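Just below is one structure, and these are the notes that go with it.
The chains carry the letters A, B and C, assigned in the order they are written, with residues numbered from 1 in each.
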Amino acid sequence: MEQGKKILVTGGARSGKSAFAQQMAERLPGPRAYLATAQILDDEMGERVARHQAQRGQAWQVTIEEPYALNTSLRQATSHYPVIMVDCITLWLTNILLSNQENPDTVLQKVDQLITSLPGCISTIIMVTNEVGLGIVPENPLARQFRDLAGFANQKLAAACDTVYLVSCGLPLKLK
Amino acid sequence: MEQGKKILVTGGARSGKSAFAQQMAERLPGPRAYLATAQILDDEMGERVARHQAQRGQAWQVTIEEPYALNTSLRQATSHYPVIMVDCITLWLTNILLSNQENPDTVLQKVDQLITSLPGCISTIIMVTNEVGLGIVPENPLARQFRDLAGFANQKLAAACDTVYLVSCGLPLKLK
Amino acid sequence: MEQGKKILVTGGARSGKSAFAQQMAERLPGPRAYLATAQILDDEMGERVARHQAQRGQAWQVTIEEPYALNTSLRQATSHYPVIMVDCITLWLTNILLSNQENPDTVLQKVDQLITSLPGCISTIIMVTNEVGLGIVPENPLARQFRDLAGFANQKLAAACDTVYLVSCGLPLKLK
């Protein structure tokens, strides 16, 4: 795998997509940055983040917590870290959608901005996302809206990436 | 790709399955018919259909709106259009299920009738469907019933088709 | 396909995963045991199980009903049946989770015990499971808990198996 590639890893909940992305990152020469989009809003989330951080161990030089300004954080990190893992796109979309009553179109504009700046990032960037559209239509209108948003964002990101994997049962299927 | 093939394209919501099917159709020599199974029941749906129709542009000679009698419409269209795209099977199943209090077995009989008449259609027929069974079991009994129906219908159609794709993030995985 | 392999077949509801697993089993030299984890709690379930049993026909020498002690049943069956199909892992997880107020960690320990004893089973074992994590996050906390449990269990089992398939529309994608 050449350096500087942009890689998207999608999959369902507990599909092993993050572990797969992490192993891929750890096979590349570092230093490595882990860019977490999760917001620590309660103790449960805090413990979960701490556990994940411990699991990553010494192979990762820094954890950057950035729930909103993913674009800015990537541009700052790219000059220091040849490998950056973003975990995950779906939480980032959720954070933007829920803040400031953003509408899905505005959120998709931020996805477009991210895509525009990806080629300027010299690091290998491995982005983890969720596939959420393979169940029955949700009754909750917000869930339907988010499902559409995540699907559109994943299509845009996949088109902009060099390589795309779908992970199920911890095993990758190469889509691109 | 030879003409006259029967092709099934499945995927989740906003997976890019229709765009993939459309691009496949536009690479084949026309004229082309777009067979829409959506019913325009409100303004929102009307705008959406108009937007999709504008996106298809000049490559499509006709849009046939047929929520119920898919079989009859296909047989009529096949003598005029070498390429027919059906978008989508899942809405057609929904329309039949909701009309006249049909039960799932009757709906599956209509799927069987469609399959029986497919070999007689000389056109390439590209059918778009939804994979809806990869989430948690829905609490709503009607949703469970529809999930079963869609799954059985997709199995039957896939067995009858020459080629089957699963689309995720706008990218196809060839299943058959 | 060599004998003694451990095979996992995952897929959505009505994806044709059990039929695919059954056909795979029937191509191997028997005798064959069908290990059903479903509990017959009402007439509807009773009829469904009877219908499935009739469909399996003469190719299957025995149906073992075991909702809980999968490990013990496999060890007993392996000396008599060179081919054992387990249908399905997800129901087995549900049965354990709902009995005795087990928590997910205890259930995952039972998955670990199953994995530990798999290499000692000389039979080919074909296990059917469900992928349930590809929809929107469920609102029901128990559904979220089960989704996590099933995902973790599938990852563990897939890592321990020789071969893993994802089935959609009755068609298999080989994951491993």
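Criterion: a contact is a pair of C-beta atoms (placed from the backbone, for glycine too) under 8 Å apart; a residue touches a chain by one contact, two chains touch by 3 or more.
None of the values given here were measured: they were computed from a predicted structure.
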Self-contact between copies chain A and chain B, residue sets same or different by half: different
Superposition rotation for chain B onto chain C, Cα-based, multiple of 5°: 120
Centroid spacing, where centroids are CA-atom means, of chain A and chain B in whole angstrom: 32
Where chain A touches two or more other chains, by residue: 12, 131-136, 147, 173
Of chain A, residues touching chain C in the complex: 11-16, 131-136, 138, 140, 143, 146-147, 168-173
Partner chain C, residues of chain B touching it in the complex: 8, 10, 12, 131-137, 139, 147-148, 150-152, 154-155, 157-159, 164, 166, 173, 175-176
